[in-house]
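Okay, so chain A shows up in both of these, paired with chain B first and chain C after.
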Partner chain A sequence: MVLSEMEWDAITELLNVSVSRAAVALSRLVGKPVSMSVPVLRMLSRDDALAALDGGRPSPLVAVGEQFSGPFSGSALLVFPETRSLRLVHAILGEQIPLEDVADMAEEAMAEVGNVILNSCLSGMANMLACRIEATLPTCYQGTADQIFQRTIRPVGDARILFMSIDFSIRERDIGGYIVLLLDLNAIANLRQAIARYVAALGHSAAE
Partner chain B sequence: MSDPGPHAADRPASDALLHCLEGLDLGIVVLDGSQRIIHWNSWMSRHSGIPRRLAVGSDLFELFPEARGGRLASAVRDAVGTGLSAVLSHHVNASLLPLTRVDGHGEELVAQSIIVRPVKTGAGCGCLIQIHDQTAAVERERKLRTQRNARYHAIVDAAQDCFVTIDEGGFIQGMNPISEVRFGLSQDAALGLPISALLPGLEDLNRLGMPLVEMRAVGAEGREFDAEITTGSWISCGLRYYTLSIRDVTERNLAIEELRRSQRMQALGQLTGGIAHEFNNLLMVVRANAEMLQDPDPGDVRSLAADIVSAADRGRTLTDGLLSFARRQPLRPEPVQLRTVIEETIRLAVPSLGASIDVAVECAPGDPQVHADRIQLQNALLNLLINARDAMPTGGRVLVCAQRGPEGFCTLTVADTGMGMTREVLDRACEPFFTTKGPGRGTGLGLSMVNGFARQSGGAFDLDSIPGAGTRASLRLPCPSFEDVSVPEVAPDSERHAAFLARSPILRILIVEDDPQVRGVVRAMLGSGGHAVTAVEDATAALEHLIDREVDLLLADVVLPRGMSGVVLSREARRLHPRLAVVLMSGYNELTPEQADLAGPAEILRKPFARRDLDDHMLAALERAGGG
Partner chain C sequence: MAVHARILLVDDSKLARMALRAALGDLVADIDMDVKEAPDAETALGLLEHEPFDAVLMDYNMPGMDGLSAATLIRTRFPKTGVALVTANAQDAIVAEAQLIGVPLIPKPVQRRDLQTFLLAS
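Entry: the complex of A and B
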């Protein structure tokens, strides 16, 4: 259940690379440089993840979710405080678009930004672990963390959550959000195997 | 056309499916595992100008080199390589595929939303690309938005009221053109500023919830104005915004103030006849007694003089009432003792009410108080008394009654035994400009002002009438809360006064008074105390005197001729003699705050004054100047 230090380092490294890919993809989309912080990674229970999102006080959030399947299946969520989400959309669409029009396009833009970031993470993992991960189209959710989890991450006894805080900045606007990857026990076992192969391959190439 | 299915029995179904793909009103492209096109429907041929026979077998990004390295390319790579799906919206992506549609008017680029999904293609994994034409939707959205915004802008941009939108944190998100003028701030400069920069009263954002607020606003170049603010709130993307409609009501407030004042003046006008009569009576007393004093054998001189003094005191009471009534000042609620107000007002009104009207007062024990503007309350009562008089042309009885209750309020009632009002008249009695009095006898504003005053004070006004039996007007006003209740002033210290007189220092006093009779009288009053008195008639003469002579006390009239008032003289004189004590004599009530500022530390002595008043004020002035 608990990842070893080596495995932990590997997965952190892997997600770090994935997030940098997301930054590149986003900057291509926006046509402006996008900088992203190194993600802070934690393994949490569903309740702890909820608490981490709420910060102790239920507040409105926006999330983009995708379900994925393959050697390890689960759900991926990109979560922002609602206040930040509008800032993000404004940053993506550009400043010249009036406030009322941004609101019209917000959901579509959020879905696409979430799609870019989540797909970067998933494809990064798939590439490094040399496996296929099939994923659905993104869906937007609004509500408190609890309401969003009700619709995306059901309470399953043995599921664990890879919880990442990411900060990035577009057009000098700082945007902080979270990436939530829900993996069931079987998925975690498969992830460990995949990581083990990856680490072995790394060791092998380093030895060469 | 394409490969037949692996099973011959599936063939009709798969043919039908292919026909369906052809007939779809969206672009369908299927790529195989090496990203080569294996299906290209007729919609794609139509909109790209590339026929199927050229497309099938080609690399998509060789057909559209401009899309290489873009978002579509990475979506295709993720779908084929990993199995991920992607959405690409025209809102977010400046350009996707260079597709055009041809209609009667020419060629038009297709606004598109693309969905990329992994799909099994024979043995390997490829991807399905669906291209939705959003051009019509975009056009519709654009039209709707322009329409919506046009309506909004037609109203808001032309409005003479300021519209300012802020977010939950109170930061400005937008403003209309007139706001830029009123607040002297371009929209760009205003964005992100806290609203309290324009409306300091909104430091506390809780006030936003209220439907209508009045507060001071800081306009262009720091010019403040009275703002009346209505707030609408709306939610966008889960965020609450407030749009404030800010109206400059400075002029309206000034007009209301003027109206109040002219109402008071009107009431005064109504009183003039009665007051003139009263004044003539007391002048009669003064004159008759003074003539007797001129007699070679005046008899009991002291008694004659005492009559004159009491007549003068009566006159002073009368002018005090008039002056405080006509004073220009904003509404200032304070704890007011009902008994005092009733007595003062009746004293002022009785001469005008006439002898045929009998006024009685009933006041609840323990001196009930209300929280209201004293002058306005007096004005309201006066209005009610005059209405009562007019309702009783052949005389009658007015009962003024002050009671406690209902809870937290006191009620002041004026009941007459007059002709009363019909239901119709009663219903309209409080409307502005409604009057049953003949032309020139009333403005019709009296009761509407009383009603307005009651509401502004947080109370209510009620009229009750029976035709032929009389009318009862009730004014309900809130009681003062505990902290409002004033502490009664400490009575003047008579011991201190006696001590001053006993010491009786010889002072060098300069009197400045333009009225020769008053000048002579005051000089005589002071001379009898043994002081060294100089009297001049204007400020210039006073300053000349002060330049090279020592003076302990300046006693000057506020109103002086030849361009320099006593107030300015006080300041100039103190420049020459910083420790000079100053007493200003005034026929008016008190100085305005600006005048008081200019005059510096000075005692104000109301004319007419008694010898003792003069001594008191001189003592106080000397103490303030540090010489007492």
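Entry: the complex of A and C
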């Protein structure tokens, strides 16, 4: 499946706008500025996405996952290295939280952040493409990339993964993570149609 | 704003520039507009060195120089040019910093009325 330059541009812009909104919500959550890089988007096979997540060396990760359905359906995951998820907890709750409570709070903080970011991505795409996407409640997972994928993203022959790397920092703490959207071929075809309609509407509007 | 308006759109996304053009086209059909585009802040600053613009619509989150830094330079170097940040990243801290240098924020996706307010003020 090869996406055109315009389709890549459109998907990147849709997700960029959505993640920017998530940054606003996160900033309100922590009461501090959240700085964010421009997201880098790739389309990968399941194996390549696994390799990108663990860099060839399985390490502990924390992920928040949601299933979504609509004109294009699939799975969405927000993934952080475990060490960064602890930074996230500190960034959200402040330094005063006792170390022994951090691990307990990590799952709750991750679920909240995952909810904000994943829902912002999904609802942002839905709004701009004028469609409706329903998502399940977020679930938190811990383990290596392979263990997390086994529980969330089953091997499907024709599925491709939209893999987005995003760096953001809160209170000067660098918290790089990944957003993983699994879409099957049918879902990608529907996403392309939705983008084509959106682009055509822009052209029509500009020509008037 | 002048009847003949020179507007510069700065965004790394072609789609976003198309959306801005479409919104401008809807908005000011009776105004003679000369709209140019730049894919990053550095290119935009280069264009501004060589030709005057009445208004710049600048994305915030771009590779290279971010839109707020570029807007700050434009306010200093080209004080007659109106500049607005076009972004979904309307964090309080960013809004406050933009207000400090007199740069309004236009939320993405762009609404015609927000563009109109900005252009009428430019």
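In this text, the second predicted complex is superposed on the first by the 205 of 208 C-alpha atoms of A that agree within 3 Å, B and C clash if a C-alpha of one lies under 4 Å from a C-alpha of the other, contacts with A are read in each partner's own complex, and residues count from 1 in each chain.
Operating definition for what follows: a contact is a pair of C-beta atoms (placed from the backbone, for glycine too) under 8 Å apart; a residue touches a chain by one contact, two chains touch by 3 or more.
A quick note: this is a predicted structure, and the numbers were derived from the prediction, not measured.
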item	value
Which superposed partner A:115 touches (first chain B, second chain C, both, neither)	first
Touched partner set for A:200, first chain B, second chain C, both or neither	neither
Touching partner for A:10 - first (chain B), second (chain C), both, neither	second
Per-residue touch tally on chain A - higher for chain B or for chain C	B
Touched partner set for A:137, first chain B, second chain C, both or neither	first
First (chain B), second (chain C), both or neither touched by A:128	second
First, second, both or neither for A:93, with chain B first and chain C second	first
Partner chain(s) touched by A:60 [first = chain B, second = chain C, both, neither]	first
Residues of chain A that lie at the interface with chain B and also at the interface with chain C	28, 127
Chain B residues touching chain A - in the complex, by the definition given at the top	69-71, 74-75, 78, 81-89, 91-94, 115, 117-118, 125, 141, 145, 149, 165, 173-174, 236-239
Interface residues, chain C side, partner chain A - complex	12-16, 18-19, 21-23, 25-26, 29, 60-63, 87-94, 108-109
List of chain A residues in touch with chain C within their complex	6, 9-10, 12-14, 16-18, 20-21, 23-24, 27-28, 32-34, 36, 38, 124, 127-128, 199, 202-203, 205-208
In the complex, chain A residues that touch chain B	25, 28-29, 31, 60, 62, 66, 70, 82-83, 85-86, 89, 92-93, 98-106, 108-109, 111-113, 115-116, 119, 122-123, 126-127, 132-138, 142
